[in-house]
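For clarity, chains are labelled A, B, C and D in written order, and residue numbers in each chain start from 1.
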């Protein structure tokens, strides 16, 4: 997203005229709408909107614009957020011992395919420090035990604050965050589940999948919530498999789909294409 | 699409305020916007829009509504068409000797998955008449030779007129229509190409594909234009194949993907989700 | 499969020399091996094999050949079955009120894409009789209630016997067969599950999927077993969906994937490409 | 592939008894067949085979085993090669200025997902040296002009020889190798084509694809041959796209599919699953 863009994500109760009111407001501000997507959930009567604006001609300050839109939003009872195209999200990656998702994220970021900064990597194990070094990203090793969980999470949260983190990506972190943590970071932690939710929850999904003789292996990326693996799903995908793969083979195939799914979910979030509503997401299309 | 809906398909030069103007017009008419999708082609500076309205409360006549919108469209220099939800498109299917696409289309229509009527089937061969009989659809056998092409096409066109046809689906008709025909029916003839355009154009695509050892077989549905197999693409899909398939095997696999692709293209057209611009299409999402 | 072919499906404990012994036996009989596929499950130490032979030069009778192979198999402790290419399986289709899978199966059979005969359709409702009539297939309406379940199943089984049925396809039959029934027909009843097993088992999978905001809709074809929806999986597939689809929309999309998955599973069975072992299947490739 | 395995890739004219003769030979050597796959091309009358053996109990030397099999192969007129599981292929990567395929390959190798060594990276531009450094892989910058092409290729070939290279991967090298080069390295150079061959050959495939309004973007990995982009295809894949993507967006999507396709092709080669015949490949399944 070039620097002269701004994205508004909006949701409100659905009612006649809401689209007209919103687009007219932007028009009167003199902005050019580059891209506008809406969705109406007719079961719950809820309206969702993503507007991408060209603000090259912006004469007021950003603060002023947000304040002004805030007034309009209050009148119209909109829930909203806005994202400036020239601000790169600051992403913390949390890992454990498995590196495939980490490699994928950091190399895509280096290459310019993920529009963000990655100021730190946090892990409960020291194993992946060499990758952090290789990509010159500070690495924090914060071991965790049942006894130290509270303290460890406090340290993690203080790091997230110190580094001004916008988004946490659990790239196979393998620890269950406490409800207090997930609540404090609601909608800002993306987790990858090593299996096609809601199937094969919990441990050893590939052994389960093998015993069951499934013909597809999947992965699910979702926002973390206080209920394990039950947060709003952002992205899912599968690959076909056959009888030739044993549990290890299934897991290897699973790594590929995990990489792909996590990357796509993070990309959707960074491009401000996701709105959360209840326990589900609206993910506006990127054209793919 | 239930009976109380109307869909407007709109395109015009892109300019500021066009979305505001349009949605405001619909709002002032008192319609509820059920679904609104836009696209801006920023390379060509062109704006495209699909609006689905609830017209349950419509007090004027249809003619009056269209006339009124026509005035607005003229002011705003919009190109537009509108489709009433309670009107079922009348579709003519043209076939030759191959039945897989025909079976698929007529059984989906019988089942209520394709919202249209199929008042007739036209073929240059008598082979598939039994299927027409089975589904109680009038069958017209109009043989064609190089010499009689002009006359045959005249007969076809007169049938299309007599039966008030809105859309022609070439479900493996295997004949090249004359430019005069495709021009008269521009944007209203859908063809299925037995191959993944632009690869393997012309005859025997499966033999070509086999010789080349491709790992995927595809199909392309497009609007017929005066240039063979070069009209605007509506839908494409592929299936993976391997070395085990000989040309006949590839053709069998190809039949499946042809069925699927043609059905999806016809569905997109019948749901008024396609706008043609230059030699390409904007196909608005159905959620799939 | 042309008439001069025979397929052997073999399984046994894995041991050195088993492949050599088997292929040598066929060679000494003078048969040409057209296609030979094996799989070794190294976890369970089990060997599986599918051999497709050209028997154009067969001089003995079929009975003699099977007897002779039987002797060899006994020596080698093979579990086996053989399928003659000129015998078309006799398939009974069981339906309830939903027609999409039925239409797909009967039209593919008529077209020659499913190598079988369909001597009868059985339903607990009269709704789909017109489709049976249209395709001139005898239709048996056998209503069922909690009280009459035993009697109804007895009638079904007697029909299957009378019509010499080889395979039962539950094309959305929506009834749970009794353990006695599934046991009597083990490995010969294919069911299509309206959801991506093991997720969303039971009723209303599409409402569940909507509430959960899934990004994919799937279907699973499996052999019926005494445990509901837990029999050996033959085929699975998914389609991508987004937030635009409500439960009805998801169900419509689901119909497509059900059709495709059931058809592929039936095809694999009819082409003698499936071996059942424990609660899973080996499905040998068809090249797709 | 663990160290105690050996893979034979075999092809010969098809004839009765070839499978029996081969498997019996391996049996008499006392080897356990872990995995055996065959294919018969019945159009060309050609037999192909991949055998994976457990050689943990091997008593002779490797040289002796190969010599002995060589004698058998000469008798039976087999074309063959064998690959020892404990030998890691030595892969040279050639790049130009684009890094996505390079990042993908080196990070998968580091992670243990690609069973090979990467002793050097060669480029005609200096741009990607930092990635080579990051992964501690020697980087050779060999600029090329129309005038120096011959000399540059000589240097490249001498590097390949000096580093004992088994496989060259052109990860977006963007130069056309001379026929002398491709001939010398026939079957040992894998190239990734930025488009779905045979469509959109040559320059600017994404601009072509955009103008044509395609609904899918693909990539093709193939062995380099003296005819540009016409060598044996190893792997292909596609992703769905819609009208929202401009040529740059299509290219970004294309990067993803290029990464995936190239990785899968290299993996198939490294796992000794590919046999070349005429201008096509037999790629034996890995279970995915």
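Here is the rule we go by: contacts are C-beta pairs under 8 Å (C-beta built on N, C-alpha and C of every residue); 3 or more make two chains touch, one makes a residue touch a chain.
Note that this is a predicted model, so its numbers are computed, not measured.
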Chains touching both chain A and chain D, listed by label: B, C
Farthest chain relative to chain A (centres taken as mean CA coordinates): C
Of B-C and B-D, pair with higher C-beta contact tally: B-D
Approximate Å spacing (C-alpha centroids) for the pair chain B, chain C: 35
Approximate Å spacing (C-alpha centroids) for the pair chain B, chain D: 41
Where chain C touches two or more other chains at once, by residue number: 35, 42, 242-244, 285
Residues of chain C that touch chain B when the two form their complex: 35, 99-100, 103-104, 107-108, 110-111, 113, 134-135, 239-245, 249, 252-253, 255, 260, 285-288
Residue ranges of chain D in contact with chain B within the complex: 39, 41-43, 196-200, 211-216, 218, 232-238, 242-244, 246, 279-283, 285
Chain C-touching residues of chain D, taken from the complex the two chains share: 16-17, 19-20, 23-24, 26-27, 30, 32-38, 40, 42, 285
